[in-house]
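Below are structures written as structure tokens.
Both complexes below contain subunit A, partnered by subunit B and then by subunit C.
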Partner chain A sequence: MLDDFNFRVIMEYLPQFLIGLRSTFLISIVSIALALATGIIACACRISGIKIIKYPAIAYIEIIRSTPLLVQIYFLYFGLPTLGLRIPEIQTGIIALMLNSGAYIAEIIRAGINSVDEGQLEAGISSGLNYVQRMRFIILPQALGVTIPPLLGQNIVLVKDSALLSLISVMELTRCGQTMTSERFMPAEAFFTVAFFYMCIYFCLKAMADWSQRKLIFREAY
Partner chain B sequence: MIEFKNVNKWFGKLHVLNNINLKISKGEVLVICGPSGSGKSTLIRCINRLEKIQDGEIIVNSSLVHKKSSNLTQLRGEIGFVFQQFHLYPHMTVLQNIMLAPVNVKKISKKEAEKISMKKLDQVGLTGKSGAYPAQLSGGQQQRVAIARGLAMSPEIMLFDEPTSALDPEMIGEVLDVMVNLVSEGMTMCVVTHEMGFAKKVADRVLFMDEGMIVETGTPDEFFDSPKTDRAAEFISKILTH
Partner chain C sequence: MMAFYFSRLVEIYPFFLKGLLMTSKIAFISLISCTLIGFVLGIARSSNNLILKRVVGVYVAFVRGTPFVVQIFIIFFILPEWGLQLEAFPAALLAMAIMGSAFICEIVAGGINSIPKGQWEAATSSGLTLIQQLRLVIVPQAMKVILPPLVGQYVLLIKDTSVVSVIGVMELTRVGWVTVVRIPEGLMVFSLVGVLYFSISYPLILLSNYLERRMAVQ
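Showing the complex of A and B:
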């Protein structure tokens, strides 16, 4: 069986795969950054007591979480142009990933904030600290710690979800695999290589998260 | 110094504070006791508006605490609050816990705040512990840090919400000692506690609450030795025999 596995064709297609890898990597990085910003803003709106920003945030989060990403991508890519708004594939893909991941990140951050004991907030309030100070000194330093592992998980999901962009013909990793398959009919080699590169990105992200966790989180001393 | 005028508060249908009228004067030590759910914690939490009231007036140092528009930042700085569960910030050292409010609310310099904080740590008997994290301290030590944190704002009033109820019996004494010292410095204090020894030793007045009402008030001797109401007598016999 292994005799049938053709490494030569992988080498032949390597330059294309590297282009695909670069594209997946860049799309992911940009989407992650935008999704984090979206998530933080959505979460801030969600937990604020102000109704006109709270309810739109809830609607956004629930709509995204209750529909498949592929449907969201198709809506943006095929739906919006019929309504008169045309965005190129890559940008469409980034917007879809940003909106999708942003909703999940908003909930992750909210869970982190809620995990901080209410009593510490009361201690902050009763010593006269205002809302921003309580967030900055008491809540966020502790929320960050519990938030990093699930945030890493969400970012990994985003990278893998970016494979769906192949369906709107964004030339990323998975799309490269599809191209090679259709040109040479070697799906085993093609998707093995694709999978390998996704793993590489995964381990890079994991290393980054481990590093940031060591740097950013306080460790309770015992 | 603290005045409640016809204060009413409901949690849903539960009438937690029922027409409370109360005056606490400067330097007075008031002990509040009563069965659980009687509204005693709620009462002192209203003083710095950790709880809002629906009806009546609360006036502290001529600030109208019940008014929505009142800016409470300054007032809260003048009132120290000590919780049953300490509520220290676990990610900060003892010193950082104590300095946080003086630096950020009172806007005094870090150097000055550190000096004050060290002094307060001395006062609660924890001189060498400034660099420790809360998790490294015993319950009694944590509660004393919490008291020092309150004192660092140089408050005129200290509120204690069952400060010894979450402690192991052997640690209760060290916390009460710190509180007794505060009394001798003339601090105005409201203490929710069932520590009769403490009440008898330092309280000017004991206030007994039940079902949201102030049932009885009196000097500690009057209250513990010859309670006027059956409800108070029953309560006292219960805490004595437990």
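Showing the complex of A and C:
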């Protein structure tokens, strides 16, 4: 099956793959940072009692979670130019990833905050702490341990999702595989190499997520 | 111009419904096959047979470690090289089944592993065969843990069907992609596509939330 697997061509294309890998890396890191910021803001709006910011946040989260990322990417890719916004594909892609992951991250953070026992909140109120202090000293330190493992899981999802940017011709890892396929017609070599690189990223991130799962989950001492 | 494009869009609306039908067809077939394969694999993964466990583990790692687009490309472009010609539609179903079953396998294995050992021992000492143990004792209890994330996974799988548009299956996303070439109003066209996706996946999200609350109470 794989006896005519051509390693020479892979070596020839290796520099290109490494550029693609770097590009995937950069896109992921920038998107993760932006998504985290978006998620924190969206979650803060979502759990605040103020209706005028709460409902838009709910709408944002639910709309993003119930439509596919690819549709969101196309929506921005084909939609922004009609609004007169002409930005490079790579920025469109990063915005799409940011909005998509932001909604999931908002839900992860909200689950973390909800996981803190009601009694803790009441104890905080009766100690005379105000809202910010309760968040800062009681809720967030406990929520953080529950939040970090799924956040790292979301990073894995985001890195894999960034492969979809190849469809709007962002030059990243998957796109390199596509170029190699169209130039040399060697889909097996191209896509197995791409898969190999993604596996490497996956195992690094997975090891990190598993480690945090063991270390950080807040365990109550019963 | 807006109004003109809007009336064009209304004109070709049936085309979108056809796409929705195709999406539902792919989603329906692949959800069923994913669940069946996923359960079998999940039971194998939580078994005591080390070899079986490892083999399934490697399969799951490969599927979870690579993006779904790459998997589709591998199936669609590489299988013909090995002499297996597949049309776009069966290739899409195959890709969905492979991807979805790996995720469902992990959920099922997690659920089965959450059952205390004593239940297995009790079932064994009651003289039940392995199949009976699973069917009568273990799986019904594990279902409480499995069901909420399973429905959540269904939502993800339905959304992932959009990716099979890359190999030319005429489903909802592909319809939007084809339409936007003729009606250059990206916001309008893909809002419509988004609304149609929303109409199938949002009920499932609500169901998943409901199950999560209900199972947590018990």
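In the analysis below, the second predicted complex is superposed on the first by the 205 of 222 C-alpha atoms of A that agree within 3 Å, B and C clash if a C-alpha of one lies under 4 Å from a C-alpha of the other, contacts with A are read in each partner's own complex, and residues count from 1 in each chain.
Operating definition for what follows: a residue touches a chain if its C-beta (ideal position, glycine included) is under 8 Å from a C-beta of that chain, and two chains touch if they have at least 3 such contacts.
Model, not experiment: these values are computed from the prediction.
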Is A:74 contacted by the first partner subunit B, the second partner subunit C, both or neither? second
Touching partner for A:183 - first (subunit B), second (subunit C), both, neither: neither
Touching A:119 in the superposition: subunit B (first), subunit C (second), both, neither? first
Would you check which partner chain A:127 touches, where first means subunit B only, second means subunit C only, and both and neither mean what they say? first
Decide which partner touches more residues of subunit A, taking subunit B and subunit C as the two options. C
Mind working out whether A:12 is in touch with subunit B, subunit C, both or neither, as first, second, both or neither? neither
Determine, under the contact definition given at the top, whether A:210 touches first (subunit B), second (subunit C), both, or neither. neither
Subunit B residues touching subunit A - in the complex, by the definition given at the top: 48, 50, 72-74, 76-77, 79-81, 83, 85, 87-91, 100-101, 104-105, 132-133, 135-136, 146, 149-150, 153
Residue ranges of subunit C touching subunit A (in the complex, touch as defined): 61-62, 64-71, 73-74, 77-78, 81-82, 155, 159-163, 165-166, 173, 176-177, 180, 184-187, 189-191, 193-194, 197-198, 201-202, 205
Under the definition above, what is the set of subunit A residues touching subunit C in their complex? 1, 62-63, 65-72, 74-75, 77-83, 160-164, 166-167, 174, 177-178, 181, 187-188, 191-192, 194-195, 198-199, 202-203, 206
In the complex of these two chains, what residues of subunit A are touching subunit B? 117, 119-120, 122-123, 125-130, 133, 137-138, 141-142, 218, 220-222
